[in-house]
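Note that chain A is present in both complexes that follow, paired respectively with chain B and with chain C.
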Partner chain A sequence: MPIPHRRFDALILGAGGAGLNAALRLASADLRVAVVSKVFPTRSHTVAAQGGVNAALANVLPDNWHWHMFDTVKGSDYLGDQDAIEYMCREAIPTVYELEHAGVPFSRLDNGKIYQRAFGGQSQDFGGDQAARTCAAADRTGHAILHTLYQQNVRARSHFFDEYFGIDLIRDDEGVVIGALVLDIESGEPLVIESKATLIATGGYGQVFRTTTNAFINTGDGMAMALRAGVPLQDMEFYQFHPTGVAGKGMLITEGARGEGGFLVNGDGERFMERYAPRALDLASRDVVARSMVTEIREGRGAGPNKDHVLLKLDHLGAEVVHQRLPGITDICRVFLGIDPAKDAIPVFPTAHYAMGGIPTDPHARVVAPARHGPEEVVPGLYAAGECACVSVHGANRLGGNSLLDILVFGRAAGTDILRFVAENPNHRTMRDEHIEPALARMQRWERKGEGESVHAAKADLRKLMEDHCGVFRERETMAEGVDKLKALRDRIDGVRLQDHSKTFNTARIEALELDNLMDVGMATLMSALHREESRGAHSRVDFPQRDDEQWMKHSLYSREDDRMDFKPVRTKPLTVESFPPKARVY
Partner chain B sequence: MKISVYRYHPDTDDKPRMQTFEVEERPGMMLREALLEIKAQDETFAFRHSCGEGVCGSDGMNVNGKNCLACVTPVADLKQPIQVRPFPGRPVIRDLVVDMTQFYEQYRNVQPYLVRKDPLPEQEIPQSPADRDKLDGLYECILCGCCSTACPSFWWNPEKFHGPAALLQAWRFLADSRDQATDERLDALEGPYKLFRCHTIMNCVEVCPKGLNPTKAIGHIKELMLQKSI
Partner chain C sequence: MSATDIEQDPQRLRWQCRRGMLELDLLLNGFLDAGYSDLSKQGRGDFVRLLAYQDQIIYDWLMGQSIPADAALRDLVGLIRAAMKR
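Up next, the complex of A and B:
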């Protein structure tokens, strides 16, 4: 039976904040937009973001976008592209107001303005006193934003393909992206969506690690799609471990808990961040706090019977602040730990949380890849935004509150540029069967029957491997061993078989397709980490403890073909202001 | 521990059946983890789930006769053998996966978005903390469907009665000091079914995993309608 085709002006893969903000922009301009999501849109992982979104509104303390830019460049350990960072920090302000107008129920100050809290790595006046830049809806900001964006898309009548899984991009002979092959999870039938422009907004891949704050659905689907389409992934060695995941379980405890005045103590009850970041203390950058915690534990000062975690104390803030400003955290502690955070300290450990790296794009969210004319040639018809993309605004370490900002600003930017692109390219290009062939082959690979290892077992091995060989502290020997093991696992995957070949809502098949994706992004992460012989941001090499700007102030690019590594320069020139040159990073 | 789960596959089964699995209980184990263990034993078992912490709203199901989210339901609190079934009153697609189309349709029917008619200011639309407090207990809804699929009025008239989740959202926008579509919203809820089929049975309140109170929200809408009609 021939595969049905549907045609839209724009195709958006993923219905988190980036995808929905792009869809809203396009649908409001009367384009025909298809939004494909493997879960109902409000189940996307944006929903779990807690603390807030950064914008220099200056509602609480003096602020301006230029200070925000400085903090972001410094936080990135000077690997972020300064043109993109300037754009994001300027756009932050109108973006938050636009969201508020769309209905986001931000918490409020007495004067009726949006409530802003302190977050890590924020300063006034280029490294001075702590700033308060994070706009919050209690500690459910992601939920509030995602639901609002979905609601506005309902108003704008965007076309949703709920519970459809993206198999692969479709490119024509000239390399133009002309749509995607997707799978209707309920019926098990494939569908081709033809589009003039395609946006990948599929989020992160925390499921590649055993303990993660990420949801089950965060399997790097779009990143792996890009890899298979021949696009490299950028800066994949930079993976953020959030300081405060619930120890052993992984649920996120927002940085806002420290922003509201909470602090960390070791097993001796000592406020150890005083030794590591005398000025910013517990609100130093996440990479700094995570390393300090692991160092405390490694040196025998952990808390608990096994001395394997540290404690987050909020009890001095009073029940009113804790329960009012952090109701979601209060819930998580009650349900999963049986404690009240206003009374008892929370056991925490750095937990896999966020990919700074991803699909390389320019500040218009256009995917760029090395080609004939240089390292940043636009891939026609293809866009990426959000955690799956690498603009790069986060460089080697993302600041808290900048991820919601990233998805909103660059989701919107993608929408704006797609409008231009579709105006300039008003016709669908011809799609022939052979263009669809590679995507179909990927799907059919899992139709092979017979005995074999299970998807579940292979996935568990992958997650353990990544945790053991690519954690907070890294060195050549363990990573090289990890790469060998991962290559062996990749060979094993060929022998993995599904036992369930039924069509209707076959979640086993989806998990098998996700496993392919996790393998690809796992390899990208480990290979990139092995190659970068310096310590920068979240990438901490025990064998190369210093940052090396001479050799390594450059972006890495991993290609799937032969697991090849390439590099390209950092864009240090901002749009209008002076460049921030690299300096020692002290908090 | 013994867990009995509802199994139905439309391609192979004439009718549904219950199947019992043995799962090793761990301290602090949530039902979702137990279901994942079953999935590891038998990959043909299908259920929706994602975040694992009660914010995405994917894994609503009926457990020992009561709707709940599996990821925030400790197995230690459940009488064994644990009986796990799909949401009542919804067409079953496969195993615990039900068709929620009508539930989402009712949500879309209440214009679940802020309507602002005045020109937009350059900055935020001001809102006092007291006015913002009125949205607490409303905006936190995760659209899991536990409430509406526990509501007898929704079982009987799912195409006419909006159901508790959609009505909670209707009130969320009526209660928002920034919204400027009160009259249209109330007019759209007129008639004997959309709103007024609520018989305050309060199943919705009992099952909401976020502790929200749709019955109270429905009461507020009725009061406002009454005020407007005088």
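Up next, the complex of A and C:
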């Protein structure tokens, strides 16, 4: 039976903040927009962003986009592209006002202006006093933004394909992206969406690690689609971990717990941070605390029957302090562990939180890849924005309040550039069966019948492998061993079979397709981490503890073909101001 | 799609438990594995009704930060929290 086709001006894969902001811009300009989302749009992971959006509005303390830019470049450990960072920090201001006008209920000051709170890494006057730059809607900013954008899209008549799963991009003979093959989860039937421009906005991939704060949906679908379409992934070694996640579950226990006087002990009850950071102890920097925890476990001093975590103790603080100053932690412990943190120690393990790397783009959100004429040639018709993209504004490390900003600014930029692109390319290009063939083959691979390993077991092995070999403890031997194991697992996955081949609402099939994606982004992460022989931002190597600007102030690029690594220079020249040259990053 | 169809199809139900927050994924999927099958027909209908609420609202209920006005949902929230500790 022939596969049905639908035609739209623009196709947006993913319905979080980036996808919806792009869609809104396009639908408001009367383009026909398709938004594909594997879950109902307001169940996207943007909903979990509690912090806020940075913008130099200067409502509380003096501020300036140029200071915001300085902080972001410094925070990125000088790996961020300064043209993109300048663009983001300038655009932050109109972006927040636009959201305010769209109906996001930002918290207010008494004078009616948007309230702004201070966050780590924010300074006035290029590294001076603390700034207050983060706009928030109480502690549910992501939720407020997502719901506002969804409702505005419904008003603007964006066409939503809810509970459709993206299989792969479709490219023509000249390499132009002309749409995607998607799967209707409800019916199990494929659908071809033809588009003049396609935006990948599918979010992060925290599910590749065993312990993560990310929702189950964060499986790197769009990043893996880009890889399979021949686009490399950039800076995938840079992944943010928080030291204290609930062991075996992943939820964050905020740093406030240690700030209030909580401390970590190993399985022997020893306060082990005394050995690793005798002065700063449990308040040492995130990477030091996380690596110390994992070292204790690797050396057999973990807690619990499997010795696979350490303990965070708060019981000496007294019930009043714990329950009143740390209510969120109290709730998490009660609900998920059935314990009272004022009495019992909390089992903790470093938890994977945010990907700085992703699909390489320019500041217009156009996907760029190495080609004949240089390392950054535009892939025609293809855009990426949000956590799945690497523009790169976060470089080696992201500042708090800059991730919601990234999705909004570059979602909007994608919308603006797609308007231009579609005006210049008003006709659909010809799509032939052979263009769809590779995407169909990927789907049909999971129709193979017979005995085989389960998706569930292979996925659990992958997540454990990534945690053991590419988590917070990184050195050559461990990672090289990880690459060998991961290649073996990739071969094993070829033998994985589905036992349920039914069509309608076969979620096992979706999980199998997600496993393919996790496998690809996992390999990209591990290969990139193995190759970068320095410590910078979130990537810290035991065997190369220093930042090495001479050799390594460059972006890494992983290609799926032969698991190849390439590199390209950092764009150090901003749009209108002077460059910020690299300096030691001290706070 | 009617509520009855969702109640009777375990895969469909599981997909409705895929949410934007890890906490909800763990609590709702955990309950599907250890608790949902013990519910009466009425209780299963209530669970499907709960899933139709916004993530942030379900989160507030399950984490004990607010309480549903609807008595049936209030009971269900208690059961979901209890199933997590099992």
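Simple rule for what comes next: the second predicted complex is superposed on the first by the 479 of 587 C-alpha atoms of A that agree within 3 Å, B and C clash if a C-alpha of one lies under 4 Å from a C-alpha of the other, contacts with A are read in each partner's own complex, and residues count from 1 in each chain.
Note that a contact is a pair of C-beta atoms (placed from the backbone, for glycine too) under 8 Å apart; a residue touches a chain by one contact, two chains touch by 3 or more.
What you see is a predicted model, and the numbers here were worked out from it, not measured in a lab.
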Could you look at A:108 and tell me whether it touches chain B, chain C, both or neither (first, second, both, neither)? first
Figure out whether A:155 sits in contact with chain B (first) or chain C (second), or with both, or with neither. first
For A:216, decide between first (touching chain B), second (touching chain C), both and neither. both
Touched chain A residues, chain B compared with chain C: B
Partner chain(s) touched by A:498 [first = chain B, second = chain C, both, neither]: first
Once the structures are superposed on A, label A:583 by its partner contacts, choosing first (chain B), second (chain C), both or neither. neither
For A:343, using the defined touch cut-off, is the partner it touches chain B, chain C, both, or neither? Pick first, second, both or neither. neither
Just to be sure I read the superposition right, which of the two partners does A:464 touch: chain B = first, chain C = second, or both, or neither? neither
Determine where on chain A the residues touched by chain B overlap those touched by chain C, and list them. 39, 42-45, 47-48, 140, 143, 147, 186, 215-217, 251, 331-332, 335-336, 505-508
Using the touch rule from the top, collect the residues of chain B that touch chain A in their complex. 9-12, 28, 39-40, 43-44, 46-58, 72, 93-95, 97, 100, 104, 108, 111-114, 116, 120, 122-129, 131-132, 135, 139-143, 173, 176, 178
Could you pull out which chain C residues touch chain A in their complex? 1, 9, 11-12, 14-15, 18-27, 29, 54-56, 62-65, 81, 84-85
Can you tell me which positions in chain A touch chain C when the two form their complex? 38-39, 42-48, 140, 143, 146-147, 163, 185-186, 212-217, 249-251, 331-332, 334-338, 505-508, 510
Considering only the defined contacts, which chain A positions touch chain B in the complex? 39-40, 42-45, 47-48, 57, 96-97, 100-103, 105-114, 137, 140, 143-144, 147-148, 151-152, 154-155, 186, 215-217, 251, 328, 331-332, 335-336, 454-456, 498-500, 502-508, 511
